[in-house]
Structures are given as C-alpha cells and as structure tokens.
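So, here's a batch of structures to check.
Next, two complexes with chain A in common: one pairs it with chain B, the other with chain C.
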Partner chain A sequence: MKTADGTRPVRFRRGRKWLPGLLLVSPSIVAIGLFVYGLIFWNTRVALSGKHDEVSEYGFDGGRNFVDLWDQPSWPGAVRNALVFTAVFVAGALLLGAFLAFLMDKGVRGEASFRIVYLFPMAVSFIATGVVWRWLMNPAPPERAVGLNQLFDKLHLGALANDWWQNPDWGMAAMALPAVWQMSGYVMALYLAGFRSVPEDLREAARVDGASELQVYRYVVFPQLRPVTLSALIILGHISLKVFDLIMAIAGKQIITYVPAVATYVEIFDRHDPANGATIATYMLVAVAVLVIPYLVWSVRSERVR
Partner chain B sequence: MTVMRAPGGMSRTGRTVRLAILLAFVVLFLIPVYVLVVTSFKPLDEADPSSAWSLPERWSTSGWSAAWTELKGGLANSVKIAVSGSIISAVLGSLNGYVLSKWRFPGADVVFTLFLFGMFIPYQAVMIPLAGLLTDIELSGTIRGIVLAHVVYGIPICTLIFRNYYVTIPDELIEAARVDGAGMLRAYWSVVLPVSGPAFAVTLIWQFTSMWNDFLFAVFLGAPDSWPVTVMLNNTAGSGAVAVQYNVQMASALLASLPTLLVYLLLGRFFMRGLMAGALKG
Partner chain C sequence: MRVRAPRHRLKVFAAVAMTGALALAGCGANEDDGSDDDKSEVEVFSWWTGPGEADGLKAMQADFAKKNPGTKFTNAAIAGGSGTQAKAVLASRLQNNKPPDSFQGHAGAELLDYIKAGQIEPLDEFFARNNLYSVYPKQLLDQITYKEHIYSVPVNIHRSNVLWYNPGILEDAGIDGPPQSIADFITALKAVDDKTDKVPLSLGAQWTADHLLENVLLGSLGTDAYNALWEPGAVWDTPAVTKALHEFGQIMRYTTLEAASTDWQGAAKAVVDGKAAFNIMGDWAYGYFVGEAPNGLGKKLDTDFKYAPSPGTEGTYMWLSDSFTLPKNAPHRGGAIAWLKEVSSKEGQDLFNPKKGSIPARTDGDKSLYTGYLKYALERWTSPDIKLAGSFWHGVTANNKWHTDIDTAVGLFLQNKDVGKLQQGLVNAAKNSGQ
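Right, the complex of A and B next:
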C-alpha cells in the first residue's frame, strides 16, 4: 500500500518538477548563450568580413583572411613563439611540479610551509611579477651585468649568463620560466593529492614483490595518476596558448616575443584591423577547442557513469 | 650494515636529501620576492639594478608612498570590481550549482558541458563584439561593464565549484524537505544554503583573486576612469613605462599584489580548493 501511495505523487511531480530549476538557471543559460556562443559566432563573422579598417562595411571574403594571415610578416613567428613557449612551459611545469610532489609525498617536516611557498606565485598577477622578472632576465653584457646574469657571475657560474628572452632563436624558452615559476606549484598540488589517493596497500604489495621505491612510483603510482596528468596537461596547455599578461608585462609588443594573444591586441588597438584581430582570435579558439572539448566530454561522461 | 629506515621506507640520508632539495626550491621561488622587497625599500639613489641583490643601506619608504600616490585610483577601482563581481558570481554560482546537482532538468549535462567550455575559451575570441556590445548598452569603459564581463565569464567556474560541492549533500536531505512540502527555493534556503559556507568561501576567494589580477578584460574594456590597478601598474611600471624609478616600480608591484597575497596567506586552504575545482576531476 505504501508504495502505491508513494508512487503517484512522485510520478506526478516528475512531470514538471524540473521546470523551476530550468527557470532558475535560465538567466545564466541566456548569458552564456549570448556572451560565449553568440559573441564567438559574431567574432567569426568579423573574421570572415574582410573588414580591414574601422570604417568600411562588413562584407564576406570567403575565409581568405585565414589564408592571407600566413603571409603577414609577424604571424608565422607568433605561432612558432607560442609553440616554443608551450613546449617549454608545459614540460617544465609538469616535470617540476611532479618532482616537488614526489619529494613531498612521504611527508616532510613543515609540509604546509613548503606548499605555501610553492603556490604563492599563483595568487599574484604577471603584470606585477613581470616588473621584477623583466629585471631578473636582463641581457646586459657581463661588464655591466644585472639581474640573474649578475647573480650567476657572483656565484662563479658566469657560463650560465645568457640573453634570456631577447635571444632571437630560443627567447621564448626563457619567457616560459616565469610561467613555470607561477604554475608548477599548482601541478605539485594536483600530483600530491593524486599520490595520496593511491592506496598504501597497492604500494605495499609492489614492495613485497621486491619493487624498489622508484619502481613503485614508476609501475604503481604514476599509472594510477593518468587522469591527474591529463588534467594538468589540459590546464597548462590552454593557459599557454592564451599567454598574454606575462608577455605584455615583460616584453610589451616587441616582435621578438610576439604571440597570438598579443597579435590580437595589436591588430585591434594599433593597426585598427578588426578582421585580422578576429581571425587570430578564431585561430586561438580553435587551438583551445581541439585541446579542451574532448577532455570536457570525457570528464562529464565518465562522471555520470561513476 | 643496515640502514635505519623511516616508517615510509625512506633512509635518513634520503630524507635529508629531499629536505635539502625542497629548501633549495624555496630559495629559488622566493628570489623574485626578495628583489621586490629590498628594492622597494631603497631610496631612489640606491635603487639601481646593478646593486639590487644587496640590502638597502638606508631603508626608505619613499618608493611606497610614491607608489601609493600613483596607484590609489586603480586600487579603488580594483576593490569595486573585485568585491562586487565576486559576490554576484558566488550567488549565481550557488543557484546554478544547486539546480545542476539537485534539481536537474532534461539536458542538464549538455548545459553544464556548454557552460564549462566557456571557462576555457580565449577571451580574445569574444573581445571585439563584446566591446561593441558594451558600447551599445552604454557600459563601455565603465566599472559596471568590466564587472559584467567578469561575472558572465565567471559563471562556468563558479557553477562548477558549487555543483561539485553540492553533489556531496545527500539527496535524502532534499527529498525530506520536499516531503515536508518545501519547494525548490525553500529547500535551497533551509537545507542547502546553511551548509554552503565553504563553497562560498572558495568561490569568493577564487573570483576575487582572478578579478583583481585580471589584465585582459580591463585593458580591452576599461577606460582611464575605470582602469583597475593592473592596468595602472602596467602603465607606470610595465615594459612601456618611460620613467625608471626602480624603487617605485617594485613598491608598486608589491602594493598591487598585497590584497591577493594577504587573502592567499590567510585563507590559503580555500584558495587551494578553488584550484582543484578548476581541474574538474583533479
């Protein structure tokens, strides 16, 4: 009897009980629909418009601008810079973060303090820290060396002195250093939480089988952490493709450290070329989407199954 | 000869080596802070890059007072933007998170996924039409315009934080309230909101920090009247700055970072949780 009594109201409610929920979320749905998807659509429209100044009408150039961009002197370099930056930054932050987490995994006296130090760079903006990084990575020659080059000199490590980000070939690798400094603590925190979620029994079982501590990590702990590594890769990757503040703070709009995000800014504000600005922004969006969409779908899906 | 082993299966030397490496990284991580602090307290004639590794011979706060004069307008704007923006964000996030975890509608997963994508997009890909839109609704160059942008593009992360937090509230509690005749909002008010404290803390801190540190929205959508401290700082101490007074530059950089640093040091626990939420499944 109880079930019969209980079933009807539940079924009755099930028909429309979700409606108020949908209403409550609808302002956000409208906002995201308009500001994210609507504006992305409109931006693509601008990219296809062939509107290379601020006065002419919106036309339609059939996507020519996406091809023409590659003939601009600054664009291929911007792409190369972004790729070099991404490679060094992602690899650097991932390795350093995992290494720090590995060192802290077994517990270390004053762990909380270590975490605070490794993570604090995330709380400050690159506009602020760029002020000091610009000075630390100053390429002045040995006789009037400053910053890190001067420090190397004092420590008799003069051979390490270099041009930093002003090196025409690999300057972007140096530009990635402040970014590694900012984000490796985050990776450390991700991995540390991951390490600690691996059950001690698993590790113990491997030890009983004669595995050394390093082998335990290599064959037991790290394979368990693939989701963490994937998360970290996606987060670092999308930050990297969008890097803007750091470059603006350290180098400004110089061609030597030109990246897509800076290029968008220059096209819009300095060259007053909406079509080019929008085209570069679209390329950035596509790069991020290729990276993120599969991850999002996988995340939401696997969570539902769980 | 047997080596003494710590409980974790690590020898004493192993532990010392680990500690030494960790301490070395602490020093490396703090190098920029050291330079910022010592230079900011030097008088102008001492504040030269060639001597920046040494401590001030004469401690002076002249750099700080000059920085304050330069930045106070920007600091005030940043406070307005970050405080109001983070509060609105948290309220929206809480309501969205509640519905998407406890009062789900058909297609809620799709909506949630579409929201989440908004978290990752490069904002350059909306900036040109966004600037045009804000001009049309007469919010261009205003603090309210900047707040609007922050709030809208903050919806995904705030919804995510609250949703992941509310998933841990047992459905039975909501069900019980419903049996007692509570509707959606009553159940939110009487069951969900009272336990939402930690999620509000995480969201407020996260949004405050990212709004305070934002440069992109501010530089694209702001105007001299509404520029937050990051843009002011970049103008006075950034790569394009003309006057080079190192003590003022470094003091400015520190001054602009103090609020978020304080929040981090005092409430770091919540800051961490916000970070983890950003990693979805991390």
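Right, the complex of A and C next:
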C-alpha cells in the first residue's frame, strides 16, 4: 500500500484502488484466520484444558500437561527419535543435494535427464516411498534376507547387512535414509539454481587469482548461497519435525520408531486423550516455529535493506 | 412404517441425509417410542472390507433386505485391519453428533469410552424383547455387562489363544506334540533352536507381541487369575505376574529378528511355509491358511500346519467378538434396531460366520455349517465346561487408554528387555486406565 500511496496519490484516493485488492485477498485472510490461526488457538486451548477423555468438560490446568507429558514413558524416546531423524535427514539431504548440484554444475552430458532422475523421487509420496523401503530395509538374517540385505549378501558384502531401523540405538538414522533419498534431488535443484545465479565473471576472477576449483566453490560460490542453504534448511527441518506418513508406512505405530506426530495420532485416536494429543501438537508447532520465525525475521530485514 | 403421505418427503430426507446434513438427520430420530422410529434406511458402519468378512456382511445384508424390504441398506465400511482407520473416522463422526445408525466395535471394554461419553444406548430392553439372554453364553454376557447394562450385540466369536505349529519341524526337533504348559513351551522352543535352523517362534509387528503377552499371561496365571487382572483395583505387582513376565521375556528370545517389519500374516505364513515352528495368533489365521489364492495360502490342515490351544490354556476359550451398537441419536433408529435383530438372529449369524471364518456368538448355531477348525472351535465354545477369558488386546477387558498403555510398555520392553520396567509399566497402565 505504501508504494501505491507514494507513487499515485491522486488515483488512489479517487479510484479506491485498494478495495478490489482487499476483496480479492479477504477470502484467504478469513480462511487462514479461521482454519490456521483459529485452529492453532483451539489446539492450544485443548492442550491447556486437562481434558484427558471425551467426557469431561474443558477446564484449565495451567499448563500442567506440558510438564506431565515428560513423565509418559514413550515421550522422551519420541523426542530423541525425532532429533536423530532430523539430524541425519537434514545433514544428509543438504550434503547429498549440494554434492549432486556441484557435479551437475561442472557440466555433465545429458544434464537435463540427470536432473529429472534426481528430482523425480520428490514426486513420490512418502507413503509409497515407505512401502518400498520397508521391504528394502528388512533386517532378516541371510537365509531369509530380502531387500538391501539380500543384495549385500549376493554381492558377497554380507558384512554390510544390518538391522536398519530395527536397531534399538540408531534405528532412526536408518529411517532417515528414505527421506534423504526422496528430498536430496529437491535440494540439488535449489543449489543448482543458486550456482547458476553466481555470475561467471566472479568465478573467472577467482581463477585468475589462482584459486583451485574447490576453492572457487568454497570461497566464492557457497558464501553467496547462504539464502539457498537457509531455505533448504528450513524446508527440510520442518518436514522432518513433522514426519508422520513415512514412519507409518515403514513401521506403523511401534515404540521403536515413535515420533511426536505418531504420538499425537496415538494419543487422540487410540488413547482417546485429546489434551495429550494437543499438547504434543503444540510442542511440534513450537519446534517448527523456533526454526521458521528467525528465518522470517531475517528475510524481512534483508528485504528492507534492499 | 408411517403413513403413505410423507413417503416422498422421506425420499428427499434420505437424499439430504446421505449428503450428510446434520440438522435434518437430527430431526429423524425419535426418543423412545419403538413403533414410530424411522425405518426407511439404515447406515451400517464397519471395517469389514477384507476377503471373507465383506462376503459375510453381504450375505447378512441380503437376508436383511429380504426381511426388511422397506429399509434401504447403506454399507459404510472403511478399510483397514482391526479397524484402526475406521475408528478414527467414527470418533470424529460421533464427536460431531453425526453417528451412523449402527457401528461395529469389539464387544467389551473397548466400548467403554463410547458408553461413558453417552454415545451409545443400553440394549437391555432389546435383549429382553428378543429373548437373547438365553441364546448367548452366560459367561459372555457377564463379561460384556458394564454396570448392569449390555451395550452391544455380539455377532461372532474369534479365539485368541491358538497355537499354530508346523508338524514337520516339531518332528525334526524331537518334540512329540504341542506343548501343554508355558514351561514345556520354552523347552520346545529351545529344542527347535538347538536342533533345527528354523525360527522357533515367528512374531510380527509390536501388536503381535501384545497378543503373545495375553496368551502367556493366561497360560501362566490360569484363567481366574487372568480374568482378575481386569477387575477394578486389580493387583499387577504380584510375584505370579513377575514370573509370567519373565517367561514372556524368555519366549521373546526365540522370536524373529525382523518381527517389526512384518505383520501377523507374514509371521503366520512362516509356519505353514516351513520356516518357523510355532506361531501364536488368533483363529483368523485359519482362514488365511486354508483359503484359496490370492487371499489365502491354500495350505492343508494336518500336513502343512496343526493347531492347539496356546500353551497352558487348554479348557479356556480366550474370546473376542465383533458386535454392533445402537448410537444415541441414530438418525434411523428403527432401521438400526432391525439391523441389530438381524445380527443377533441365528440365520444372520449362520450366514455371516462361515464366510468370515468365525463361529456364531449364539450357542444354537447350525453345527453342520462349520467344518475343519471351525467345527472344533464351535464344539469348544458350546461345551458346558469351557471357561471364558476376555482378550485384552482385542478390546474385551481393557479400555482404549489401558490398551494403548500396555502396548507402549510392551514396545519399550522389546527394546530394553527389562522385565522390571515392563511390570512397572503394566502396573501404571492399570492404575491410570480410569476403568
């Protein structure tokens, strides 16, 4: 509005230019207000209500639920699982994506088709990915092996066979593999676009100064890609904190791969405990907000500078 | 049926109700008067979409249509094993006060949440009017009675405590027959482990460990002590339970490494395929074993597999039952009652059960319709000296909260293998259940 106000004051006053615009966005403002912020409010209210079954009234328990949740035997494990999954998934997808983009940027023959191949897994839903990887990551011993373990066995690499996501300590790291497979192509596309936006003369200048190719990337290209890295980080981070469908498709509701989103489902639909489910949902919202809000602040600030 | 005049109005009403208009649907429900209830249609909500069960439902539906020509039947079945998805949909419909006319639920404590929330009606009058008290086993009715009321109409009975075994592997391991006690069972598992390269006991995802747990508890504690675990104020931190849980832990050592990656079908299949010696699973496995491809495995009883009561549970029938309810404010109460009459009838149950692979909950079912394992099951079910125990995992004895908390305790046990923590988890689960 400000710019419109500044550039065309006369027409603004006369033609009421803002009205059609407002009419155009108002349905989405109302819809978002109701279905996003309204429901966030409602969810928080349920979380604070102490309503642990369907019968009792909505009360107010002063946030006790947020503390009590940590005494639930399944909850600390769910948090730990989410953190392990996030760390492996985000780091894995970023590194693999950046590496693929780097290779692509060096000029591969048939780049377009490689790009499609790498990007394609993103078109698959997590559920479908999960069904396939559930089979690939079956931990059965050699005589009953299927999937990756069978492949390793046939290649006489039996030592590589392992119990994947059923490993009690680091199973969630294996659970992140399908997610890395699925999202690294997307990260590659982000980075590739970023690489291409770095002017060639900058690289030339560095090369003339005697920088090796790796140094060109390390000191010239990547520093300019901080916004790309940050967006990728945010996108991957919020996917991973909310991961649900992949886990349900591979493992279902089992404690060994319990994560907050699965816990929400179990609390609401299996235990019939709305307050606990809403509390977990609120924790997830806060966790994502911790990621997203600094990003929003940062992007608003950098836009203002421009 | 009411008078002729509102007929087309009823049709319009039906159409509107079909699109899910809440306000109109609410108007159709009458409070008490049985004769005036809307019988124009009935919407029946279930999770019977799989092979066998869907056919059984269809057969019952056909019989229903013959007996109630004026009632339009709507099958609102939602796919998903043991009703996980269906229950989520049902919960939101009930919360929005938009109930189906009748919905499926496991008979027993699984319905407690609905009962306490006032979402389903007691059916004592229905049972009395249709003389049902004498045709269901008394122990069954006792076990599904909550505060002197019955809230659902059982249509079938499944058995949870069945041991499936591969006779060939038992022979190789030098075991004469199915183990009769938990101690024998552990010895047999060890023999299989030592003498063959087969899996002693196949297991599937976490819930099949819960199923195994209820069978070990029943076999180790005995029927009365098992049943007492689910009474109000029951004590779970007794030495007897500790012993049973230690046995459970020992048995778990002989199970499949890849258990979490397979569901019950994969685990059961290992027995008939000659890869595993034993499997403990409900008797729905029988239909899966003998059924024809693509839905069954086409295996032969006695050559490919045999069955026995799970160790230590001879003489006890650990049952679970699918049943139908009457939701409060059902839009077509008359249709719902006609449907309940159908599912409680001898003909309805005898049409449904042979297809589903279960036995009728009534004791007067036509014995000639049930062959193979089902013949044995029906004989045991109707035997006068049989003792009944309710399956906790399949919704008979534990409400949803208790059920989920036991599942969590078992899930944690699968990782930490700590019997002490498991027992503490079970004690807490019983205490916090609010049942």
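One rule holds in what follows: the second predicted complex is superposed on the first by the 285 of 306 C-alpha atoms of A that agree within 3 Å, B and C clash if a C-alpha of one lies under 4 Å from a C-alpha of the other, contacts with A are read in each partner's own complex, and residues count from 1 in each chain.
Please note the rule applied: a contact is a pair of C-beta atoms (placed from the backbone, for glycine too) under 8 Å apart; a residue touches a chain by one contact, two chains touch by 3 or more.
Predicted, not measured: the structure shown is a model, and the values here were computed from it.
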| item | value |
| --- | --- |
| Partner chain(s) touched by A:40 [first = chain B, second = chain C, both, neither] | first |
| Chain A residues touched by each partner, larger count belonging to chain B or chain C | B |
| Which of chain B and chain C A:95 touches, first, second, both or neither | neither |
| Partner chain(s) touched by A:261 [first = chain B, second = chain C, both, neither] | first |
| Which superposed partner A:144 touches (first chain B, second chain C, both, neither) | both |
| Which of chain B and chain C A:205 touches, first, second, both or neither | neither |
| Contacts of A:290 with chain B and chain C, given as first, second, both or neither | neither |
| Partner chain(s) touched by A:108 [first = chain B, second = chain C, both, neither] | first |
| First, second, both or neither for A:252, with chain B first and chain C second | both |
| Partner chain in contact with A:193 - chain B first, chain C second, else both or neither | first |
| Chain B and chain C footprints on chain A, overlapping residues | 134, 138, 144, 251-252 |
| Complex contact set, residues of chain B against chain A | 6, 8-10, 15, 18-19, 21-22, 25-26, 29-32, 35-36, 49-50, 52-53, 92, 95-96, 98-100, 103-106, 109, 111-118, 120-122, 124-130, 133, 149, 152-153, 155-156, 159, 183-185, 209, 212-216, 219-220, 230-231, 233-234, 237-240, 246, 249-250, 252-254, 256-257, 260-261, 263-265, 268, 271-272, 275-276, 278-282 |
| Contact set on chain C toward chain A in their complex | 84, 87-88, 91, 95, 113, 116-118, 197, 205-206, 256-258, 260-261, 275, 400-401, 403-405, 408-409, 411-412, 414-416, 425, 428, 434 |
| Residues on chain A engaged by chain C in the complex (per definition of touch) | 53-55, 73-74, 77, 134, 137-141, 143-144, 163, 166, 168, 251-256, 258, 266, 269-273 |
| Complex contact set, residues of chain A against chain B | 17-22, 24-25, 27-29, 31-32, 35-37, 39-40, 42-43, 46, 100, 103-104, 106-109, 114-136, 138, 144, 146-147, 150-151, 154, 181, 185-186, 189-190, 193-194, 207, 213, 227-228, 231-232, 235, 238, 241-242, 244-245, 248-252, 260-261, 264-265, 268, 274, 277-278, 280-282, 284-285, 288-289, 292-293, 296-297, 299-300, 302-304 |
